Amino acid sequence: MEALLQQLLNGLTLGSIYGLVALGLTLVYGILHVPNFAHGALYMVGAYVAYYVAGELGASYWLAMIAAAVIVAGLAVACERLVFHPLRNAPPIHDKIAAIGLLLFFEAVVQMYWGADFRRLEAPSNTIFHFAGLTLPAQRMLIIVAAFSLMGGLHLYLKKTLAGSTIIAMAQNREGAFLVGINANRVAMMTFAISGALAAVASTLFAPINLVYPAMGHLVLLKAFVIIILGGMGSIPGAIVGGLIIGFAEALGGFYISGDYKDVIAFALLVAILSIKPTGLFSQGVR
Amino acid sequence: MSRLTHMFNHPATLVVLLGLAAVFPFVAANEYQVYVMALAFVWAIAVYGLNIITGYCGQLNLAHGGFFAIGAYAVAILTADHGWNFWPAFAVAGLAGAVFGLVVGAVSLRLKEHYFAIFTLCVGFIIYMLLDKWDALTHGPLGIISISPPDGFGFVDFTETRPFYYLVLFFLALAVFFTRRLSASLLGRTFRAIRISDDLAQSLGINLMRNKILAFVISTVYAALAGGLYAGVVRFIGPDLGNFMHTFDMIAYLLVGGIGTLMGPLLGTLLITWLTQAVQSLEEYRMIVFGPLLVLLVIFFPKGIAGSYQAWRARRASREMSADQRPSTGHDSGAGSTASTPGTTRAGPNSSSNATAAPAYAHTKTNESAGDSKGSGNA
Amino acid sequence: MLDIRNLTKQYGGLTAVDHVSTVFERGAINAIIGPNGAGKTTFFNLVAGAAAPTSGEIRFEGKNIAGMAPDAIARAGIARTFQTTMLFEESTVLDNLIVGHRLRTGSRLWDVLLHTPRHKRDEAACRDKAAEMLDFVGLSAIGNHMIADTSQEQRKRIAFALALATEPKLVLLDEPAGGVNPGETDGLVALIHKMVEHDITVCLIEHKMDMIMSIADRIVVLDHGAKIADGSPGEVRNDPAVIEAYLGAEHAQA
């Protein structure tokens, strides 16, 4: 029983991180209909920025997180302006290939500066709480709290502010959004900025328990894709629910079935789901 | 294929290229260069496969490197662990490519565009994970050593670089030959129709699933056979072969050379391989150049080398051909509406209606409203 | 030729086509009109198989084709064109048309790789058909032009030729005169008449009322997915329900 609770807690931690990454991915997909393969690289760059600011410059963890969020947001906007915007009317293969190009570039640059070694980002607190037989490291609690606060904040931003509602409007109906005079460029840049910042915060949160290395974005990206397919590409609640499903499946599967193959669980789920329903679980016919 | 593309893909061009490849080992500075070339040919064969599903059929397959690895591991496991000879193992590699291709294709090709790309990315990753974790079969991260080279014939010994080079060249020539036949055939046209649009292809009576699966399986067989050759020449493989960097490399080769063209896969693979060789220090960080290169290519130069050349030739030829049919350079479609004088003869290549000095399609229009109401042409 | 009974398509709670029944006679030009969002394109998609109906029957020459795959429907003898003309820009006009006859051929992978007599025969048949259809739509003179160099009106003709190369008995034309100027529209009208003379039944969606009124033998009017009128241009023109659906404006012009 305690083992189960412990695994559920781990699943919640994982699900929070996956949810944040998937949120950014799904927002970008909703606006531009581009599966941003470079999103995992943004996640990775975020961790390195935090590592640099906290580990090498000696600033605080929180400052490092802010720096990571700001810099990666800027990077994401640059990607949108320089790459995705010029390709918005190109054939469908092209933007995907360009995204892959970005991914390769970011990884190579990071690897050139820091090498392929694993690095550790110190957690702001190494306290471990014990409660009813459960082990609750402070960093995991932080992940859960921070992730859900961010999701809540994003929800408020999208629903309650004018800027946020333009994103929703454009995701739901691109042509309609143009007709009512929404500045598509601004919305796209804003979306990329949010998506980059979310990825950077997610990786800064996760790095203290999961190390920092150039390929750290691969698996997270693939799982984020599984999640948004699961939750319906472009759907915001879908990304959060999907993130939790994958997080729990992985924690429980890794514990009860096989630790070696826990990373395959997400993909096995994807294969199973897409075999039965090619448009995803909760898709609203967006395609 | 039209006459124009035929000129470009003229057999003579191919024969010259083949001749150059045949003498290469004799002009190469050292054996290492021959080895590099042989390896480049191996990758080129796999890129020809990628070109069929992605270039001709328009489906971005991100598991291509995985199928390459499957072929390589089939040869490695059968020869090193089970004592098979190379050739039967090589045949099994091709078969494995077909079987896995069929299974993966049957599931993934029901998915459209993005879903297909993401799904295959995941498939590629699953393949990589299995190679890395399934110790009992693949020896995990240790990889497999002492893979048998192809058995020689008589005094031909494929453990030496030059004979192996010619062996790979033979398979490359075969790959180009088959691709050429395919591309120029009704099947190639069918694939390209799917690339334009699923809906259009279906409206023309083309069975999407059957044709996409066929293209996919052909491409995975190419990849697996190339992988088998790779195992035979390198004779040591590890799970890293399944890393999706290799898929991305192949996409870069294809894009540089010219996606959807006959010579693109070869041109791109050779060019990048030798550029990378020229700047040895680049090897490890080649993605710093490749990454932005990919981006710049899709934005500014999406047709690649062969594609751009082909488009230029076709355009020039088309201009020459229409020059004598289009005396006026006027492109104003409005002119057409005034030119509908009934009674003129049907416009054809030998029509004399050029004399009216109307723009070309004004007169094709003319023949329409004039001659066509009488009904002619369709038997 | 085409007998449609109670055809219905629902998307979620929305009914795009609502119990439409009608009959398209062989050798006639049938038009489907209606305000934007009336369900015209959905109706086309149902007949062409691009979407499966929720309920109802589509009988083509006596056989129910409702829910069949679009490629099977194309082989059964229904061809269609699209609102936007999709063609292979990098190749010639003639080259684009060759694939149109592919569905009437049977060459497989081995025929292709081994260059069997069957493939040679099939290839020749497709080329001949392409040339013949190019001639039919009056574009023989530009067979060697690149698609990128053709005008909007020529692209429409090429799309017709491609559809006709499938040897259809019924063609569905989605806005055949969309984006084409009035003079050119006359030429396309003549071409549509020519199709009918060659025993091809035509069904079209069009917004240009004057063109519809002059060309159509029968007009089906849809509004909010339901059929509100069905008859000759004269009958439809004076139907109060139709006038109301169009708020009089467009009708007055026609």
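Read from first to last, the chains carry the letters A, B and C; within each, the first residue is number 1.
In this section, a contact is a pair of C-beta atoms (placed from the backbone, for glycine too) under 8 Å apart; a residue touches a chain by one contact, two chains touch by 3 or more.
Remember, predicted model here, so these are calculated numbers, not experimental data.
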| item | value |
| --- | --- |
| Closest chain to the centre of mass proxy, which here is the mean CA position | B |
| Chain located farthest away, centre of chain C as origin (C-alpha) | A |
| Highest C-beta pair count, chain pair | B-C |
| Inter-chain centre distance, chain B versus chain C - centres from mean C-alpha coordinates, in Å | 34 |
| Approximate Å spacing (C-alpha centroids) for the pair chain A, chain C | 45 |
| Residues of chain C touching at least two other chains | none |
| Contacting residues of chain C [partner chain B, same complex] | 48-50, 69-72, 74-75, 79-80, 82, 86-88, 90-92, 94-95, 98-100, 102-103, 105, 107-109, 112-113, 115, 119, 122-123, 126, 132-133, 135-142, 144-146, 149-154, 157, 162-164, 166, 181-184, 186-187, 190-191, 193-194, 197-198 |
| Chain B - residues contacting chain A, complex | 54, 58, 60, 107-108, 110-115, 117-119, 121-123, 125-126, 129, 133, 244-245, 248, 251, 255, 259, 285-288, 290-295, 298-299, 302 |
| Residue ranges of chain A in contact with chain B within the complex | 29, 33, 35, 37, 83, 86-87, 90-98, 100-109, 111-112, 218-219, 222, 225-226, 229, 233, 260-261, 263-264, 267-268, 270-271, 274-275, 278-280, 287 |
| Contact set on chain B toward chain C in their complex | 1-5, 178, 181-182, 185-190, 192-193, 196-197, 199-208, 214, 218, 303, 307, 310-311, 314-315, 317-318, 321-322, 325, 331, 333-334, 336-338, 340, 346-349, 351, 360-361, 363-365, 367-369, 371-373, 375, 377-379 |
